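Pasting the structures in now, so scroll down.
The same subunit A turns up in both complexes below, where it pairs with subunit B and then with subunit C.
And then the complex of A and B:
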């Protein structure tokens, strides 16, 4: 439906976006994960036509819209800070795009009100139609901003960190609501976020953006289970990444020597999911067990996150190694700071990456180096 | 603590003095405008309180040897000129400020070029304009040559006011409107204009008042049909009567009325904005 071909944009000689190519399918929820400064907002502005790309083309339903002005594109854009019209009520904000559309404005007041009420109902704001936009909360503003865009039935809707400014409670509710709203209307969404949980949890597919480049496009569960590169693993923020080198089927880093599968002869990164690790007493793990890897580390701190606890351990070289335990499976354990524990995980859960950052696949297909 | 109180008193006294200097002339003029007429002169003491000079200005006083002020037509000319200048300067100023919202090559140079109009001494500009007009055989009139100079003079003020307004303006609402499929023209009408309207009012007020009592530029380029400031100046050369003061009081009252209209419009639009939102720029809640 939407196709970006080799997009690039630089500001004052600094590349904000380069060689970005991807498709958006009909009726798809696409999330785009990137830290601040990775060019997320720039990319959305380019797609919306608020900025012109230096290179590349953008094709919407077979039509090249690279130079088409914003208002002719039919792409909705929900901005990060809502950008509600301050001099209008909630209803006026939502009906604005219907009444003032460049080619097909709706002049029938009844119809406008009907569409408006319908959209208010969908976003759960019925009864607030006549409020001023200064008299509603942040989450409600967010929904007005969304409703204002969706009521014009855009072909594609861009959302710039739509949940960024909301408190945790509201964020969780909006997460579900956004997906429901999208399913109801059948509009494709590109949802940009810096939060990996959001990107993984909401997208049908997700894109990881790093320094203006797309580094992986994949379904979230696949991407999470098998990041294409160390960078992706870093962005997903759920992996311990150890860097070292591989010698004779063992991975050497700092003082540690960890067994490494035979297929990963050139591994430079040893990556294990933070939720794959178990914490045990020193000496209780059978070191000889073939499929279990373990080492000892000093406990530093624990972060209680409600349904889970993230424990931080310090390795010999000072690096922090994280372990996430879900409380639905076990009760939290209090460790003393400085206490040494044995951390273990299955050898099968280990991902190996080559020195260029590419994943070394078990089927001996080495990415990036071939 | 003690010397702080002292400093406060000193500042209060200074402020009071300042206000006396500011409004003293007007108060004196106001008092003298109630001088007895037609014999009473433009000086203290007041012989007898009367409204004779007001009647004289309006033209309902019994005939006397003192000629009526030649300001009737001049006033209409001045108001017309100020009004036209206000409209043109505000439109130009808004458009120029709009252009300056995007950085363009040489924007710094153009900025100084625009602002120069208010820096150049009016007398010189007036003289230069009259020379140019003479050279090209153009008649000098209040509605042609003087009007052009009034615009040149007031336009930078309108421009600076609008520039400040646009500096505070959050353009994301315009982008939101465009993304909703609304044309740039209609976006300006329905989104930009209502939000910057208080600024436009200020620019209009500036342009109007500056043009209304402009003197040096008009002196050289206004031709034979004088505007009000020139007409008043002209009466000085004959003989001053308190009718001038009465006229001064009346025009000042008119200015106050104008300011009140401005204040009311500002208040209305500010209230509309503050009821609808907490400000132009929404902070993340």
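And then the complex of A and C:
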């Protein structure tokens, strides 16, 4: 339904985004992951028409809307800071877009109230209609902002870090509710976030943005299992990335020499998921076992995260190697700082990337140029 | 040290602490009492004194009040004052709002905003009277405006109504006081978060609707403050009125000046009381219009 073609925008000669092209499908929840400064908000503003792109076109349902003013586009934009009208009540905020629509305003007060109540119900704010927007909490403001946009029945709804300002509890609830609301209304969402869990958990597809460029568009489970490049693996934030070189079927990195599959002759990055690693006593792993890779590392610290623990180990060159263990499978172990342990993982769980960052596929194919 | 004396010390300290901040008010309260409250009460009192041609006695009478409301000259001056005030208020708003809108909303750089606001205040670098009198060579029969219009062939006869009329007074006052309207409005407008306007646009409002429903309501506290500034100054005016009307247009302020000049204290006091009441009513009404405490 929405098609971006070769979008680019620079501010003061610095490229905020460049060569961005992607499609948004009907009835789709699209998440866009990028660290701060990667051009996420710029991209949303361009789609909403609040800024003009320097290059590229944007096509909505077959119509080129590149130069169309914001209020005619019918694309909803829920801003990060809610942007509620401070001099209006919740109901007045939500009905603003209905009463003041540029071409087809709804003059019938009953109808406005009905649509407004219906939307309040969907976002779970029934009974708060007559409150002032200064009298409600942050999470409620977030919902009012969302309701104000959705009540105008946008063709597409853009959400700029919608959960960023919420506390963890509320964040989890809104995660589920946002998906439910979207399913109820059947509107496509583009949800921008800097949080990889949000992007992976909520999207039907996800886009990874890095320094203004799209570096992968994929379904979250596929993207997580097989990042297209080292950069994507970094953004997903669940991989240990070791950089070195491959010689004679082994990956040389600092003082370590790890076996490397034959297909990855030119691997420059050795990547293993933090949840794929097991921690054992030194000497208990048979180093000769063919499908198991292991090395020794010094324990530094552990971070308890409720259902899981992330252990940090220091490698010979000082790099931190993380291991995530789920507590549903084992009880947490207390290691002493400086204690040396043997970390092991299956050779099949290793991903190899070429020096340009592209994934090296098992089918002896090398992506990108070397 | 016994427990008792400790307690008493603590009490003394807290007593001092509890009331010490009121001492901060002493200079201000003394000043206001001596030079505002007492004179005000005095003015009300004197307005009921008996006035003869050359002397004034403290026997109470309502004669001055009756004269004020029955005399066409004096009551007319009250109506004229209100009329001029409303006209000036209207035009300062009409001319001031667009300027404030430009400075407060369309200039996004704080530095340029400040520069423009300072530029608005440049006329204040000369004295008030000079600013008023400078309008005479502008508006006179052979003044700049008439000369230019004649040279351009737009008019053949000089427009005589420009100077020494109520119009001249209004023109002069609008120019002098418009900046007091611009300042507060520009301040309120500059505080409006740009994301509100984007949000309004995004949910389908035309630019003018956004102005009517978002920008203007949010700038109202600034309009109120500006209106209060202009009102207070215009209602008590006498210099502009006398200088630009050739003493033909008399506002309440002008009458006070004349009465005091001819030692008619009781009568001057009556007008003073009337003026004070009028200003009080207008400010109360303006404050009712917008709840400043909530908005600022």
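In this text, the second predicted complex is superposed on the first by the 369 of 370 C-alpha atoms of A that agree within 3 Å, B and C clash if a C-alpha of one lies under 4 Å from a C-alpha of the other, contacts with A are read in each partner's own complex, and residues count from 1 in each chain.
FYI, a residue touches a chain if its C-beta (ideal position, glycine included) is under 8 Å from a C-beta of that chain, and two chains touch if they have at least 3 such contacts.
Quantities reported herein were computed from a predicted structural model and do not represent experimental measurements.
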**OP:** Consider subunit A as the common anchor and indicate whether subunit B and subunit C clash or fit when overlaid.
**Re:** clash
Original post:
Does the superposition put A:163 against subunit B (first), subunit C (second), both, or neither?
Top reply: neither
Original post:
First (subunit B), second (subunit C), both or neither: which does A:77 touch?
Top reply: both
**OP:** Look at A:102 in the shared chain and tell me whether it touches subunit B only, subunit C only, both, or neither; answer first, second, both or neither.
**Re:** both
Original post:
Regarding the shared-chain residue A:232, is it in contact with subunit B (first), subunit C (second), both, or neither?
Top reply: neither
**OP:** Pick one for A:133: touches subunit B only (first), subunit C only (second), both, or neither.
**Re:** first
**OP:** Pick one for A:85: touches subunit B only (first), subunit C only (second), both, or neither.
**Re:** both
Original post:
After lining up the shared chain so the two structures overlap, which partner does A:152 touch, if you call subunit B first and subunit C second: first, second, both or neither?
Top reply: both
Original post:
Is the number of subunit A residues in contact higher for subunit B or for subunit C?
Top reply: B
Original post:
Which residues of subunit A are in contact with subunit B in one complex and with subunit C in the other?
Top reply: 48, 50, 69-71, 74-77, 79, 81, 83-87, 96-97, 100-102, 145, 148-149, 152
**OP:** Show which residues of subunit A lie in contact with subunit C when the two form their complex.
**Re:** 48, 50, 69-71, 74-77, 79, 81, 83-87, 96-97, 100-102, 145, 148-149, 152
Subject >> subunit B-touching residues of subunit A, taken from the complex the two chains share >> reply: 48-50, 69-72, 74-77, 79, 81-89, 96-97, 100-103, 132-135, 137-139, 141, 145, 148-149, 152, 164-165
**OP:** Name, in rising order, each residue of subunit B that touches subunit A in their complex.
**Re:** 170, 172-173, 175-184, 186-187, 190-191, 194-195, 272-280, 282-285
Subject >> Complex interface listing, subunit C residues touching subunit A >> reply: 193, 195-196, 198-207, 209, 213-214, 217-218
